[in-house]
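Structure below; questions to follow.
In this document, chain identifiers A, B, C and D correspond to the written order of the chains, with residue numbering beginning at 1 in each.
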Amino acid sequence: MIGSGMKKIILQNEPIDMAQMLHEVESDSDGAVVSFVGKVRKNSRGKNVLHLEYEAYREMARKELAKAADEAEEKWGISNCLVAHRFGRIEVGEASIIIAVSSPHRHEAFLAAQYLIDTVKKKVPIWKKEYYSDGSSWINDKE
Amino acid sequence: MIGSGMKKIILQNEPIDMAQMLHEVESDSDGAVVSFVGKVRKNSRGKNVLHLEYEAYREMARKELAKAADEAEEKWGISNCLVAHRFGRIEVGEASIIIAVSSPHRHEAFLAAQYLIDTVKKKVPIWKKEYYSDGSSWINDKE
Amino acid sequence: MKIKIKAFAAVKEACGFEDKELTVSEGISVEKILLELKKCHPGLKEFDGTLLFAINEEYCDQDSVLSDEDTLAILPPVSGG
Amino acid sequence: MKIKIKAFAAVKEACGFEDKELTVSEGISVEKILLELKKCHPGLKEFDGTLLFAINEEYCDQDSVLSDEDTLAILPPVSGG
């Protein structure tokens, strides 16, 4: 990774500790922290979701996320950023992804956070399987 | 306030509990939670900030924030939103404001969160005084 | 008629009051009240062109007219967030 | 030369393998390998036109050529986040 800011990529099986994640990107010279939390919804495509499973090509996902973080720093001069994605089984209401970005001013932090989640949805090799009462299905359409 | 979502406005002297705030906007039918945290920076306009003090026209600030929340719901169909602003003395590194928005999809949550913080900066009757080693100053320019 | 005036932040400090009651003539405008206030509180002049006003907690403009028991708030440019 | 193939998610289930080693001729392209794989794993056909590929953890296209010891990953459209 390039630049002087902290950039942290976390891929883990365990639940994500939101307060901890936000704490990690803090610095006294930053006035803005923008975060995005993606959570498992109980409804998807008209079906009742029981739980999800995420699979990741972990080494490559880590590389792609690190590239996206570098790009966000280059484009918007953000200070610190963190992307944490869970894999394995995740229950309805739990967070699958957390993105947190700190920056001296808010506009850059908003843009960078949006860029990071958009990149995850488009380019990072992670897949979601939804489990319903009557089966399961890999999701491969765009939202 | 209008609509069916939860909209909560908090004006308080005490430190803001971020985890609690995020928890408040959660719902099982929302896939996205976007939050903005505004924090006291140690540097401002080339000066070394020791601490801040916020003053609010509280009754009116509450009304203006409630209007902004209603507008955000109308414009983007967000589910829940919360704005918490501290007043009184706030130290460097502490949060002065937290905005949290939940929505079925992420795009609307990002737009609504940005709208809310932009509105706070433009229209909500709250004022910031910066304290330095050699004096203090009410801030009245735009970022 | 009687009205209340509220001053905030830098305006409060420049004027030296936070709350004030005034007896004014019916149908008086915000602008007129401001002119009166400047006589006793010359510090207000430094805010010319930047002030915001609210009657009963709703933004209004300088031409707005007050009624009995109204509260007029005089607000410097906001800087919350 | 020898290469490794990795399959993920829906592709893994359709192919019935996660990791596979193949002996292939030098300079073989991704497209050519895919044609070979479809013979033994006809389930792959349902992904025609939607698959993504990576060589050694970097995205590549169908024309890309593999070297000895390379790892080719076959990826269905991503759905993380």
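To be clear about the criterion, a contact is a pair of C-beta atoms (placed from the backbone, for glycine too) under 8 Å apart; a residue touches a chain by one contact, two chains touch by 3 or more.
Not measured: the values here are computed from a predicted model.
Leaving out chain B only, with every other chain where it is, the touch network divides into A, D | C. Rotation angle relating chain C to chain D: 180°, from a CA superposition, given to the nearest 5. Between the CA-based centres of chain A and chain D the separation comes to 26 Å, rounded to the whole angstrom. Chain D has its Cα centroid 73 Å from the Cα centroid of chain C.
Between the Cα centres of chain A and chain B there is a gap of 23 Å.
Distance between chain A and chain C, defined via averaged C-alpha coordinates, is recorded as 48 Å. Annotation for chain B: residues 38, 117 touch two or more other chains. Contact between chains, per the stated criterion, is found for A-B, A-D, B-C. Of all residues in chain C, those touching chain B in their complex are 6, 8-10, 13, 50, 52, 54, 57-59, 73, 75-81.
Against chain C, in their complex, chain B makes its touches with residues 38, 54-57, 59-61, 63, 85, 96-97, 117, 120-129, 138-141. The residues of chain A lying in touch with chain B in their complex are 18-19, 22, 26, 28-43, 92-93, 104-106, 109-110, 113-114, 117, 143.
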